[in-house]
Structure formats: structure tokens, C-alpha cells
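Look at the two complexes coming up: chain A is in both, with chain B in one and chain C in the other.
Entry: the complex of A and B
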């Protein structure tokens, strides 16, 4: 049952694990903010990831030109007055950021007009976000069909990078770098800026925060949009590696849940450590004990829930 | 009488079906201190909640320097220069002392120079300055009260509402808090001070309003009540 692996394979698995962990962090950091800070059990977080990935592959395929806009079914005609030109160069990361912004906008609408009405009611929030995830999954199936899409790795990030005598695939190293940069940026924002303090004040005591002049409602929309956008950005960055296919949302959501439960809700450090931990367990588990890979994935979560319910780095929830 | 800084005019308010404020009218003049007295459950805190917009007034209106704020959201009322030191202090426990202050910082409503900022608040409450990086949950009760007052001042308000700032504090800390209030009043701030203990209020208030079961029982200049001509015990209980 246990398959032994050599050093070379272990090394590749390790780099894949950390790259996978980096993607999981992009996914689960937003989930941690939404679930940990705002207490919204957002079961459509995987949908944001998938939707971002689909937006990204479409833009990579068609390019960011006015002709691509005109070719959009139904609404494309509205752009017919534009001459043919390239709006933006089809840069991979630019497209990832645009996808993130688009999905952040969708997330803001969902929070403001739907979730806001269910303030503090967890069960209706679960049902709403679960329902929306089904709707998005079907819409994606309709628009992008059931075939998987796998964009090429961005040209400048193909090949390998050498550390000492060891070679690593450059793109996977880049994913790790992106995840760490975003982790640091989020940590600085939440823990060290006035904006972050205002968000935490709004979570602590929303009523008094409003009396102090903090626009809690707008801040919460912003946080939700940020979480959705990060997931979508992760979806595009992960697309050359994971590909995009129907069911990607349902594959990613449980991973976000495990990461946040393991790391601790509301803790960004927890989300980072949890992501890398799950990345390692997932990759090594599949390689070494393929029969039990899901047991290996979920067992730590079970242990944490039983022994340390607030998670490895979580503050205990009052 | 000076211009009105804050007025409640015939305000009715409800918690669910229970009628908690009935035709309450009170006025705090500009630069004055209004003492709001009453027993537990008389509706003092409810008046504060209606004023800051946390509880809607079913009837009547609330004005701040003549402007109707009855229907405004709490953050909009805050932007018009009303700050609250809430009952039970309600500081943001997961924030540091400094963060508690900076999240509430606002420029003054009249566009003038900000009288209150981190430096001036720390100058007024040196203890807070010493503990600026500590989590506010670890402060003592008196320090938390200082922080709640400092937080309200950071908004550079025109009207300061203080809901039982002496509650649960040791006598010498209460004296410190009252000295602070005197100082703020001397600086020209309009203040509404809610208290259960009339002794604390009679000395520094210009006017007194006593609530009883959600209605205004007495409205009088503090000077008239100080000499003891009126019998207040029926409204306030025995102290």
C-alpha cells in the first residue's frame, strides 16, 4: 500500500507541494477573511476560483482586443462601434488581475444585495451561497462547455531555475513567490493599517464602530470583494497547472475549508501555514499512499477539530 | 439661553412593542453640560441610542445644531459631530490602544484645526500613551474608560454624549473621570452626561433632566435643584 519514493521524486513533489500550497493560500486567504472575520460561511468560494479561471482562459485565448469584445454572444453587438484595436497587451498576470477585479465586482454585488439581507443568519447564508455555486457551475458549463481548458504557462516563466545543484520548474517557484508576496501584503493591510484596524473594529462591535463613524457596511463589502478577487486571481494563476474544468469549484472548496479549519479562522498566518501543510499532505499522500490520500488530507482536520477547535493559529472564538 | 447643540423633541421610541421613550424632549445648549438622571431602566441609555442613530425614533425628532438628524445612519450622525462614550465602555477589545484611537479619528465638522489627535489624547491621558501598543482588552477598568473617552474625542466632536462613565470604577478613578469632564466642559464642548448618581452631576451640570419610566419628570437648571428645594427622591430612588 505504501509506495516508496526516491530523493529526486521527493524533491519534485516538495516543490509541487509548495506551489500547490501557494495556490491554496490565494484561495483560502480570502476565505479566511470572509469566514473568519465576517463569519460568513461562503460556500461559493470555489465558484469564485473557477469563474476567475474561466474568465482568464477566455481572455488569454481571445486576447484583450475590441474584436474579442464584439464576439461576446448577445451583448457583443454593443461594442460594434469600436474600431479594431488591442486594448491591452495579452499579458498573463495582467489578465489574472483583470479576472480578479471582475470577480471582485461580482462578489461585491452578491454581498451587498443578497448576503447583506441574511446578516448573522448562518444557515440561510449557507443555502444561498451553495445555491449560487450551483447556478454558477451550470452557467460555466453552458458558456465554456464541459471540456477542460488549460492555458499555456506564460512564456517568460517556462523552463527551470537553479538553486545550487538543484533545478526547479520556474512557474511553480513563481507561484510560491506570488503567494508569499500576497500573504505579506494582506498581513500588513489587516494588522498594520488604519483600514485593517477599522475592519477589525467593525467585526468587534459593529454598532459602536458605526457610532465612531466607521462605514462598516462598505468595509464588509470591500473585504468580501477582496476575498472573491483573490480566489479568482488564484484561479487564473493556477490554470496552467490545474487546468479549468467543470467541478473545479467543488474540488477547491473543501480544500479551502480544511486549510482554514487547520490554520485557524481569521488568522492569515494560519491560512499560509495551513495551505503549505495541505499542499504537502495532498501531493505526498497521493504519491506515497494513493489509496488513502483523502484520509491523509482530512485526518489532520479531524484531529484539529477534536483537540484544538480554534485551529493551529486561531484565536478562540468567543 | 445659548443655542441648542443637541435637542430631542417629543421623541417616542420602542424596543419591539415596549414603549421605552414617550414624548421625551430635552436640550443641551452650546458649551453647556446637561445632566441626564434617572433610575435603572428609566430610558437614559435609550435616549443616547436614539441620538446616535442606533435605535430609530418612531415619532419626534433629533437635531444637532439645528440640523435634523433623526433619520440618519449612525456614521452620518457621527460625521455631524456627535460622539458617544458608551455605557460599559465597549472599547474594541481586539485592537491595541493606539488602534482604538486612530479608527475613530475625524477632522472637525467645521473644517477648523483638529484639537484632538493622538498626541493631545495621550497628553490628557498619559497612562494610555504608556500603553499605546498594548491590546486594549488588557487595560484596567479605569484605563478602558479613559480609552473610551479618548476614542470619542478623536472624532473632534461638537457634542459629546457620556453614558454612565463612572459605572463600576473605584472612587478615586471616578474623581479623575469627573475632573476630565470638567476640563472638557471648560474647553467649550457641549456635553450630555448620563448618570445614576445625582451627586456627581449636580456640581458640574448647567441643566438637569430627570427621566422616569421613559418620560421626562423634571427639567430644571441645576442651580435650582442643588439647594434641595425640590424633592427628587421619588424620581431617583434612595442613594
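Entry: the complex of A and C
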């Protein structure tokens, strides 16, 4: 049963589609890089998203002060030696970046000390990352309790922006902007910088790359950290409208999988297009064919898997 | 946690015996502690309410120094994960291995539906928080009482209030796509339309909807929107509702889980002005409520809401029933009968009694969310005393209809 929608509703849905797509891009670009470049099916990617969001809401709630560190349940005591002062002002995007960096650090540790040992073994990698995602979910429940947290939308981005007679919810427009900026930055990095060339070389032929003096293992740690950090950054940026709650990780991980399967692994363009496609499909699908609300996201994935298994923009994996 | 695990191991060792004795109604050993088992949710999206349930009963037991009506209490908590299969497994664990005397919980209507026949077959009394209507209606279970409310009990009031006091004529409803959502919105629709209003749109969102924009974008040309969300969804929904500018156009009404007092600390300005109907108010002035709120603040630093109050009152019911049977060890049927006879003069929700189906008859509060001294509060604007699950309807006529569902009562005014 198809429901027809008017212009006003379609416009709102379109904005929301791209904002949601932008958020999905932040989540899935890292997943795509990690999976495409390193062949690691990182099932804790949703956990990075959630962890980043929790770090972010805590810092936004308490401000980034030494007192807030001391007030962290269970582990805060370790900071008692510090005097009271404000480390950073509570700026939303600054905090999103710091959360991203923190989680990138955690990601680097996971890659360097755990995943490294399982190089090339996909099933143990799946088990390890899945197990870690359970550990992180339980730790989050212990530290942040079961309460849903939803930071206020940043004050300067609240409300709507007006173009002529049309209103656009400002924060959603901002998310689209952020996603585009990050997409361009990632593309420039991978395709146009020396670092990107080294990463691509390390992926295509790690042994020859090593012979040429490229430290491939360090590069992989960097890519994994970058992916984790991007997810965490996305978690904070998404928190004002997705909110943060136990189970957010499990809600987000399948979305990252869908986007990457749709767009193709290892392709940033694929992740971007896949994200926006999923965003559009989700928003318009829910509104226009409500009867299919449970399967609508999985239908295109099914089609792609049958007709073009490498994804829309993916290279076939050798 | 660790103690519980050890008990589980012991239970596994004795499981053979437990299964053999399963079907026979057994008589509890004298002097043994009275065992209360709690089915709650400590993981997943419903964990917030589940953790509060445990805090509520823990507060009550602490106040009573773990002794109710002269019986020492042993308390065992089990995490169902918030789904029907988990509820069934954990109910079996509590009843067959732990041999609890009474089960408190579970949280969700779907979980309750999964275990209602099981507790009847095993003759174990249960005090529910889950709201599934028929467990105290057409399929009334003599082993179940409900100290919280049915799904429709509060939304009946909400629909009536929305038309008669707020003068809304056209409403849309939005809730999760599951039993609790259907039943709540059916209750709202029934009283709202019978008073003279029209429900012109009913929307159902999947339980794990990441973004509510597609639903909010469909709202147009209504005077108000009633929502029946639960868990962490109301937080997401209300923020999107405000961000998309819908709040300024369509005043928002809410069922009890969507504006529970315990949820207020997760909400911001988007909640101001929302009118809700709830069977509990943390500001209600009874001696036991004052004590309850103070203790919850002291021990957990939270403002209690329905989840913890429901289990606190369940504890009071257990105490009263133990007193009714004279503190003796009795079989499950006798204890269930005693539970059905419980009346209480002072509970956090006021005077408390049960109808003949075991469902509570009590006060329902209509509240409006306001910001006072920087804090969000649900200020009570009207109280409806002695509201039963049948609202003002005749019990017989009410039960002759089908149970509330996604398409019952039929929505004739959809546009």
C-alpha cells in the first residue's frame, strides 16, 4: 500500500534523509576502510559509536574539568591527585573531536595488541570484536546506567533556518555539512596524499610495500584508529537526535553493514552513496510504505548481494 | 551477582529433583525464608526501567529490614533481557530452581504474555508491572495481580481529559509497533472519540526506530498528538518532535511511560508543556510516598517513577498478603488468593485495592511538565480517584468486546 506525500512532508523527509545519511557516513566510512583495506570484519564498530557518544555526553554534561574526571564512578579515584581546573570549555564540536580522539586511542590499542595477533583469521577476528562489543556494552551500562542520555542540541544550531518561505531544521543541515567535509577530507587523504598512497600500497601488496620501507603494520593501526575515531565522532554528533542508550551499538552496527554491503567495501564513494541511499530509503520508505517498515532497509541489500555482490562501487575482493 | 551465579549452579545440580516435583502443588517448608523473585531487565534498551524496578523493591526491603510480616525475605533478581523468550527462561529459573514464593515483574507486556500460562500451571503468584490488558481481563489469571496499571488505564483518562478539559477535537496517535502501544492508543482513541473527538491518524514505529522524522513529518492538521512510547524512545521522539518544529504546532500528550518522573533527568526543554496521564506521581502527598521518594533520593540519587514505585507497591502487597495468611508457609494458590484480597490505605500512589480480576483500582494523575527552579517537574493538574481498568464502562459490556489491539476499536475517522 503506497501512501502519497505532499511537498512539505517530502522536503522535511529529504533533509532528514541526508542528515541521517551523513551520520551513517561517519559511522560506515570507518567500517568500510577497516573492512576494505584490512579485511577485518569489525563487529565492535557500533560500540565505538556508542562509546564516543557516551564520552561526549559526559563531557557535555559535566564540562571537561578535573572534577568531572574525579566524579566518574568506579575509576574516578585515580584522578584525585589533580587540582580542580577546567581543561577545556564545553564546546560541542571540540568535545566531539576529543571523544573521537579518545576512542581512536582505544581502537589503536585494540588493533595493536589484540587484532594484530589474529592477522588474516577472519573467524577469530569476528569472535574477538563481537566479544569486545559485549564487554563494552556491559561496561557502559555499569558506568552510565540504563538511563537514556540526550545532550542538548548545540545552542547556535537549534531551531530552523529559513530560505524564502522554506524552513530547514538547522542541526540536520549542519550534520550534512559535516559529513560532506569529512568525506572530502578522507577522499583527499586516501587518493591524493603520500599517506594515502602508502595505505593503498600496503593493502595491495603488503610484502612489497614493506620492502619499499613502508611500515605497513603501523599504517594499519592508524587506519583502524581513524575508523574508530570517526565512528565515535559520529556518535557525539548524532547524540542530540539519536540519544545514547544501552543497545545503541547493536542498533547502529547493522546499519554500517548495510551501507557497506550496498556501497561496496573499501570504497569511500560507495560508503557516501550507500549512506545517503539508506537515509533516503529509510525516511521515504517509512512514510510512503509503512507496511514494509521492517524490511525496507534490507531489500536493496538483498538485490545488491544477488546482482552485484561486490557492491555498487566496490572492487571485487581477490 | 556472584552469589546469584552460585545459586544457579546449585540449582543445576538439583534440577532433576525440581522437575520431578514440578507439577505437584508443594507446601513450603516451615521457617524457610520467604523467597521473592524479580523478573527485570538489566541489559538492552529497556534496562533503564528494569534497573529502577530493582531499586524500588530493594528500597522497600531495606525499609523493612528484609522482614515482611515476620518472615525473613530472600530476594533473587533475574535479567530477562526484555524479550519474551528470556522472560520464560528466567521465570523457569526462579520458579523451578529457586522455588520462589512470589514473582515480581516482568516489565513489558510481551514478556508478561509469554509467562502468564506458565505461572498458572506452576501455581506461583506473580505481581506484574507489565501492562498486557487481557491478563486481568478476558483471560484473567488467578495467580496474577497487577499493582501498576493496564495499558489503557491511564490513556482512558488522557483521552477524556484531552477532549473535555483541553478542548482538542482532532488527534493523531503515535506509539511503538507492539502490544503496549496498541493497547494504550486504543484506550486513548476510545474515550477521546466517545467524548466527541476524532482520531485522524494512527502511526506505529518499530521498536528500534533510529530517527522519528518520517513519522513526525506525517503529522498535519490536528489539534494534538498522543504518544505511547516507552523505554528510551520517548527521549528520542520528543527531541525530534521539538527540533522539527512540530511541538509548536501540535501540543503533545503522553502515556505514563513516555513522561515518567524518572525519565525527566534525561529530557530537556522539549518536554516542557507535555501533558501526561500516570498512575503515580513522585510529588503525591502520602506518608509512604514521602519516605519512598526520600529513600530513593538518598540511596540512588534519583527521582523515582512508575517502574520503581510499581515494585515498591508490589512489595507492600507481598507484606500485606503474608500478614493475611498469618505469616505461615502456605501453598501458591492460598498466597495468590491472599494477594487478591489485599487493600492498602497508604501506598506511594494512595489508597490501593484490586478489582475481582486482580487489577489495581487507584488514582490516575494528569500532569503537565514544567520547568521549576531549572528542574523539570510533572506538576499534577488533575487527579482522577479510583480509576479502574474498565474506566467508566460496564465491566460486562467491556469484556464482551475484543481486547484492545492495533485495529480495535476500529478507527473510523482516519484521513
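One rule holds for everything that comes next: the second predicted complex is superposed on the first by the 305 of 318 C-alpha atoms of A that agree within 3 Å, B and C clash if a C-alpha of one lies under 4 Å from a C-alpha of the other, contacts with A are read in each partner's own complex, and residues count from 1 in each chain.
What we mean here is this: a contact is a pair of C-beta atoms (placed from the backbone, for glycine too) under 8 Å apart; a residue touches a chain by one contact, two chains touch by 3 or more.
Because the structure is predicted, anything quoted here is derived from the model rather than measured.
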item: Touching partner for A:253 - first (chain B), second (chain C), both, neither; value: neither
item: Contacts of A:287 with chain B and chain C, given as first, second, both or neither; value: second
item: Chain B versus chain C as contact partner of A:210, first or second or both or neither; value: first
item: Broader residue contact with chain A after superposition on the shared chain, chain B or chain C; value: C
item: Which of chain B and chain C A:223 touches, first, second, both or neither; value: neither
item: Chain B versus chain C as contact partner of A:194, first or second or both or neither; value: first
item: Footprint of chain A on chain B - complex, ascending; value: 52-54, 73-75, 77-79, 83-84, 86, 90, 92-95, 99-100, 102-104, 106, 151-152, 155
item: Contact set on chain C toward chain A in their complex; value: 42-51, 177, 203-206, 208-211, 213-215, 217-218, 220, 231-232, 235-236, 239-240, 243-245, 263, 265-269
item: Chain C partner contacts - residues on chain A that touch it in the complex; value: 5, 8-9, 12-13, 16, 20, 137-138, 141, 145-150, 152-153, 158, 160, 167, 169, 171-172, 240-243, 245-247, 251-252, 255, 282-287, 290, 293-294
item: Complex interface listing, chain A residues touching chain B; value: 194, 197-198, 200-201, 203-205, 207-216, 315
